[in-house]
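Okay, structure first, notes after.
Which chain is which? They are A, B, C, D, E and F, in the order written, and residues in each are numbered from 1.
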Amino acid sequence: MSSDLIPSNSLIVPTPEEGRALAMKMARLIVKATQPDAAIREDLREIYSQNAGMLLQTCQIVATEFATIAAANNYWRN
Amino acid sequence: MSSDLIPSNSLIVPTPEEGRALAMKMARLIVKATQPDAAIREDLREIYSQNAGMLLQTCQIVATEFATIAAANNYWRN
Amino acid sequence: MSSDLIPSNSLIVPTPEEGRALAMKMARLIVKATQPDAAIREDLREIYSQNAGMLLQTCQIVATEFATIAAANNYWRN
Amino acid sequence: MSSDLIPSNSLIVPTPEEGRALAMKMARLIVKATQPDAAIREDLREIYSQNAGMLLQTCQIVATEFATIAAANNYWRN
Amino acid sequence: MSSDLIPSNSLIVPTPEEGRALAMKMARLIVKATQPDAAIREDLREIYSQNAGMLLQTCQIVATEFATIAAANNYWRN
Amino acid sequence: MSSDLIPSNSLIVPTPEEGRALAMKMARLIVKATQPDAAIREDLREIYSQNAGMLLQTCQIVATEFATIAAANNYWRN
């Protein structure tokens, strides 16, 4: 089974920090799956990383992905 | 029962990677159900896959669908 | 009790596919409740089904409604 | 305790249909609490009920409110 | 511990109505924390309370905050 | 393990107020990770903290992050 969309094909990671990094990575892999052209993606990244509204959209996506990953890891409570 | 909206009519899939692919597919099937005309869909896909804000909307949708699929599969914890 | 907002006044349906169809129907019934005029609704439908950003909004709504319906049905795990 | 924001100050209602109606009502009461002027509200309602994007925003809000109400009522499973 | 962001530093309140009021208050305190200048905030409030799309954004925020507060209080089921 | 994305690499904090502050901090750290240039970030902050719609987006992000942190801490019920 490829892991083009979820690195190491698992939501279980040791720490919240790694959970956060996974959330960002998973979001980027959806951008890649939706827009396979690397040059276009780089142009779009230039746009959204310098546009306040889009930067906030990015934060909203990571927050949603992270909610899932945190639940998967029982919020690293122990 | 047709499975026009959810392939194999199930949310249960073996791995997170397949869960992610299902989330993307389920989102696309809603686009199809809302806009049945394939040519219009293809035009719209050209638009949103090259528009930073809309590409981010796509990520938000997949994140929301994936949250449901991940919960359905108990986050593939075991 | 009327069922203008939720067909058959229940969230419990046999399969994910029917859950998905219910999510779409529930969303449409909110459009209807908010804008009772059928002609205006039809005009608006023409707009959002041919606008990439709005089509994506539609997907986001269905994903949110479906999350509730899937949870109601214990994700059709059994 | 007033019930300006939640009619009958309870999330528990007998059926999904009533849950759905409560979700719509709760959303409207936030509009009222944020914009107390009835005339302005009526003007704004004219705008959003005839704007495809805003109508979709309304659906997203109701979907989010309903998710809470449905969980409160254990999805009316029994 | 100050309670600049959450009045009385608790999510536990006796009734849904108070939960709803807390959700609105918590949202406003984030606006304040993000934009400390009261005059600017008042100008922005004039804008969003008379803009249909932004008024709907406000409802979406309160719905999301309230979902958390309602879960914290077990939906005031008893 | 660095803690560039989540201070002290934990979601567990003693009070709701600290949970709220963590939610804001986590959102800002995603802005930083997406746009490493401090000068650009400061310009963008000037923009979104004086734009009603973007200020509301910020509130939506914090509400989503806080939902996760509150669940992680069992809503500080005890």
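Methods note: a contact is a pair of C-beta atoms (placed from the backbone, for glycine too) under 8 Å apart; a residue touches a chain by one contact, two chains touch by 3 or more.
Just so we're on the same page, UniProt names per chain: A, B, C, D, E, F = Hexameric tyrosine-coordinated heme protein (HTHP).
Since we're looking at a predicted model, the values are computed, not measured.
Colleague: Please identify each chain that touches chain A as well as chain D.
Modeller: Of all the chains present, none is in contact with both chain A and chain D.
Colleague: Can you tell me the least number of steps between chain B and chain F, where a step is a move to a chain it touches?
Modeller: 2
Colleague: Is the contact between copies chain A and chain B built from the same residues on both sides or from different ones, judged by whether over half of the numbers are shared?
Modeller: Chain A vs chain B: different; shared/all numbers falls short of half.
Colleague: Relative to chain E, which chain's C-alpha centre is the most remote?
Modeller: Looking at centroid distances, B is the chain farthest away.
Colleague: In terms of CA centroid distance, which chain is the most far removed from chain D?
Modeller: Using the mean of the C-alpha atoms as each chain's centre, the farthest one from chain D is A.
Colleague: Roughly how many whole angstrom separate the Cα centroids of chain A and chain C?
Modeller: The separation of the two C-alpha centroids amounts to 27 Å.
Colleague: Measure off the straight-line distance from the CA centroid of chain C to the CA centroid of chain D, and report it in whole Å.
Modeller: Computed from C-alpha means, the inter-chain centre distance equals 16 Å.
Colleague: Would you mind listing the residues of chain F that make contact with two or more other chains?
Modeller: Expected reply: 48, 51, 53, 57-58, 60, 64, 67, 71.
Colleague: Could you tell me which shape the graph of touching chains takes: line, ring, star, complete or other?
Modeller: ring
Colleague: Which of the residues in chain E end up touching chain D in this complex?
Modeller: These residues of chain E touch chain D: 14-18, 20-21, 24, 48-53, 55-60, 62-64, 66-67, 70-71, 75-77.
Colleague: If we count contacts the way the header does, which residues on chain B are in touch with chain C in the complex?
Modeller: Against chain C, chain B makes touches at 1-6, 9-12, 26-27, 30-31, 33-35, 40, 44, 47-48, 51, 53-54, 57-58, 60-61, 64-65, 67-68, 71-72.
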